[in-house]
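There are structures below to look over.
There are two complexes below, and they share subunit A, which is joined by subunit B in the first and by subunit C in the second.
What follows is the complex of A and B.
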């Protein structure tokens, strides 16, 4: 059976995947970038389902440095920097996975602007996004049948 | 308030409320409500990432202070979430017609919040928060 890695800071994606996708995929779950990398290094994985916003994650679990981000992008405003890192965490995790050599199809459930989507594909290859938890559409995207 | 903050708030509503409220509703075909689906719908509506969907909505876009509350899509989503909030006893009892009605309303909430996010991307705030001096 194919294997799917769900990466999120809660359990909503995993619950969705177990209920609607488990006939097609064995489901693995990671809540931090480091756990996702360990999972990918531990055995073959066919696809990734990634949450975008990690607003419930501990700051220490986030990819990205809040202080450096605040200075670089937000004139030293630490709160805005933290929100920015949380809001974009799924993409930051994907960047880490790609940098480590993992190129599996990655699916977000989020409505990216077309220009952003083009850029994500240019940077990270097989990236797909769907606006809602539509299990049939998610399955097509994960399996490459879209 | 920065326009980018308003866009961020609308995007957070679509992501944290709209998408999750419809998580089960979007996948129930022909009214086949298994216990797993009923429980997941109940979590979508009343334990959405740790709070009720209506609470999450009002936390992210309070009626009295959020510039998003001036948009018609905000009102649509708000009124539907009020209805859904009141349906809890019937949904917990597994009343199928109410489950069907709730699923339909949840999809409408998702649509309204996607429309709101889209509108926020292309327009400025339409009003000052209530209580703001002229």
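What follows is the complex of A and C.
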């Protein structure tokens, strides 16, 4: 059976995947970038289902340096930098996974603008996004039948 | 004139003092008398009334100056400070010119024109009058994007009030019709869409709160209900799918409370006292759908699931409507004309106009660049930076070179930044590496306020190729032109 890695800070994606995708995928779950890397290094994985916002994650668990981001992007404002890193965490985790050599299909439940989607594909290859938790559509995206 | 009449009539000094005071107070009380300030200031300070008038003028002047400072630095409390000043006494007409210029700089044309006219009506010295007339003439007619900033009467400005409905005109036979009409008019004025049309300054905050509502409630709480409901409706459910549905519908914070918490945050951010989901035609059907989902009893039968799917679809439609609403909020198209306008407008100021520049270069702007910033605020930010650059070059050796360009820089998140770069040939100001380090006296306090409001940032960096430094102002590229990016 194919294997799916769900990456999120809560449990909604994992629950959804177990209920509606488990007939097609064995589901693994990671809540941080390091856990995701460990999973991927532990065995073959066919696809990634990634949450975008990690607003429940601890600052220490986030990919990205709050202080450096504050200085680079937000005139030194840590709060704005932290919010930015949380809001975009899913993509930053994907960046880490790609940098580590993992190129699996990645699916987000999110409506990215076409221009941003183009950027994401240029940066990270096989990236797909769906507007809602529609199991048939998610399955198609994960399996590459879209 | 009043004082001359009193002189001619003679009488005791106390009586004259009283009479002059009454005349001055009456002129101010009537509101339309432009000479009120002159009358107050002309009162003899050796008399009790004159003394009081001068004291009140001094106190009022403090409040007016405070209000202008607040306005200049984008701080709240402008109206309150103005009201306090107005309660004490008339304003020194010289302030009208300051206000007119500030309003003109921010593109609040309607108010600027009003203040210029008030200033000119005071018959200022010919040189000042001539300058003010020129500035007034250069204002392009444009729609006032803001509500009146300075109330000159006691009319409350906090919340738009419903229009009075002429119930009497409808006659006694049609009171229900009048009531319906009244409520409709009132609710139109109270709808989020209507409020946003009147208050563009709310747009950034509202966009943020609508993003939270869509993410927390609609995407994560409501969105996943569709699959298990469809399974029940098709008689294909299972115990774990039912449990999943139960967890989303009935566990944790009750749905109604979760909804209200999101809306309350939005309402509070705008300072409105009514519930949007009671009056707004966009929110009301969504509330009805949410309540239908929230009060569903267990177990859910096939027929119930079909009804709940209708409510679910209504909330998904609502999500799309919010997305469309956010798409229409403020954003500014960045083009070469904007940069040119900034440079020309700054160069038209007397001080910067005196600095000879050997080269001014404005680079072509890439197509399709947009930022979520009011055009007027963007102009203020860029004008301040251009002004500082030109003034810094006043003491620098020739050749004095100024250049503006716009670059789009991609981020690892797939987002993009729009970077406005202002380069000049003066090394002055290189000690600062970011907006926090820059001398606030150079007008950059205003810049910082605007940057905070729009998630922007500023950096000063070393340059080469005939330039000494560059100020880089960075804003997020607008992600809202197709309206899909607020509920990650």
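The criterion applied here is as follows: the second predicted complex is superposed on the first by the 146 of 146 C-alpha atoms of A that agree within 3 Å, B and C clash if a C-alpha of one lies under 4 Å from a C-alpha of the other, contacts with A are read in each partner's own complex, and residues count from 1 in each chain.
Just so it is clear, a residue touches a chain if its C-beta (ideal position, glycine included) is under 8 Å from a C-beta of that chain, and two chains touch if they have at least 3 such contacts.
Just so it is clear, the model here is predicted, and its values are computed rather than measured.
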item	value
Fit or clash between subunit C and subunit B when superposed on subunit A	clash
Which superposed partner A:3 touches (first subunit B, second subunit C, both, neither)	neither
Which superposed partner A:119 touches (first subunit B, second subunit C, both, neither)	second
First (subunit B), second (subunit C), both or neither touched by A:140	neither
Of subunit C and subunit B, partner touching more subunit A residues	C
First (subunit B), second (subunit C), both or neither touched by A:75	second
Which superposed partner A:98 touches (first subunit B, second subunit C, both, neither)	neither
Contacts of A:24 with subunit B and subunit C, given as first, second, both or neither	neither
Touched partner set for A:132, first subunit B, second subunit C, both or neither	both
Residues of subunit A that lie at the interface with subunit B and also at the interface with subunit C	10, 12, 15-16, 19-20, 52-53, 87, 109-111, 113, 131-135
Footprint of subunit B on subunit A - complex, ascending	10, 12, 15-16, 19-20, 52-53, 55-56, 83, 87, 109-111, 113, 131-135
List of subunit C residues in touch with subunit A within their complex	215, 219-220, 223-224, 226-228, 240-241, 244, 247, 316, 323, 410, 412-417, 434-436, 448, 451-452, 455-458, 474, 479, 481-482, 484-485, 487-488
Of subunit B, residues touching subunit A in the complex	8, 11-12, 14-16, 19-20, 22-23, 26-27, 36-37, 40, 43, 49-50, 110, 114, 117, 121
Contact footprint of subunit C on subunit A as seen in their complex	10, 12, 15-16, 18-20, 52-53, 71-77, 80, 87-88, 90-92, 95, 109-117, 119-120, 123, 131-135
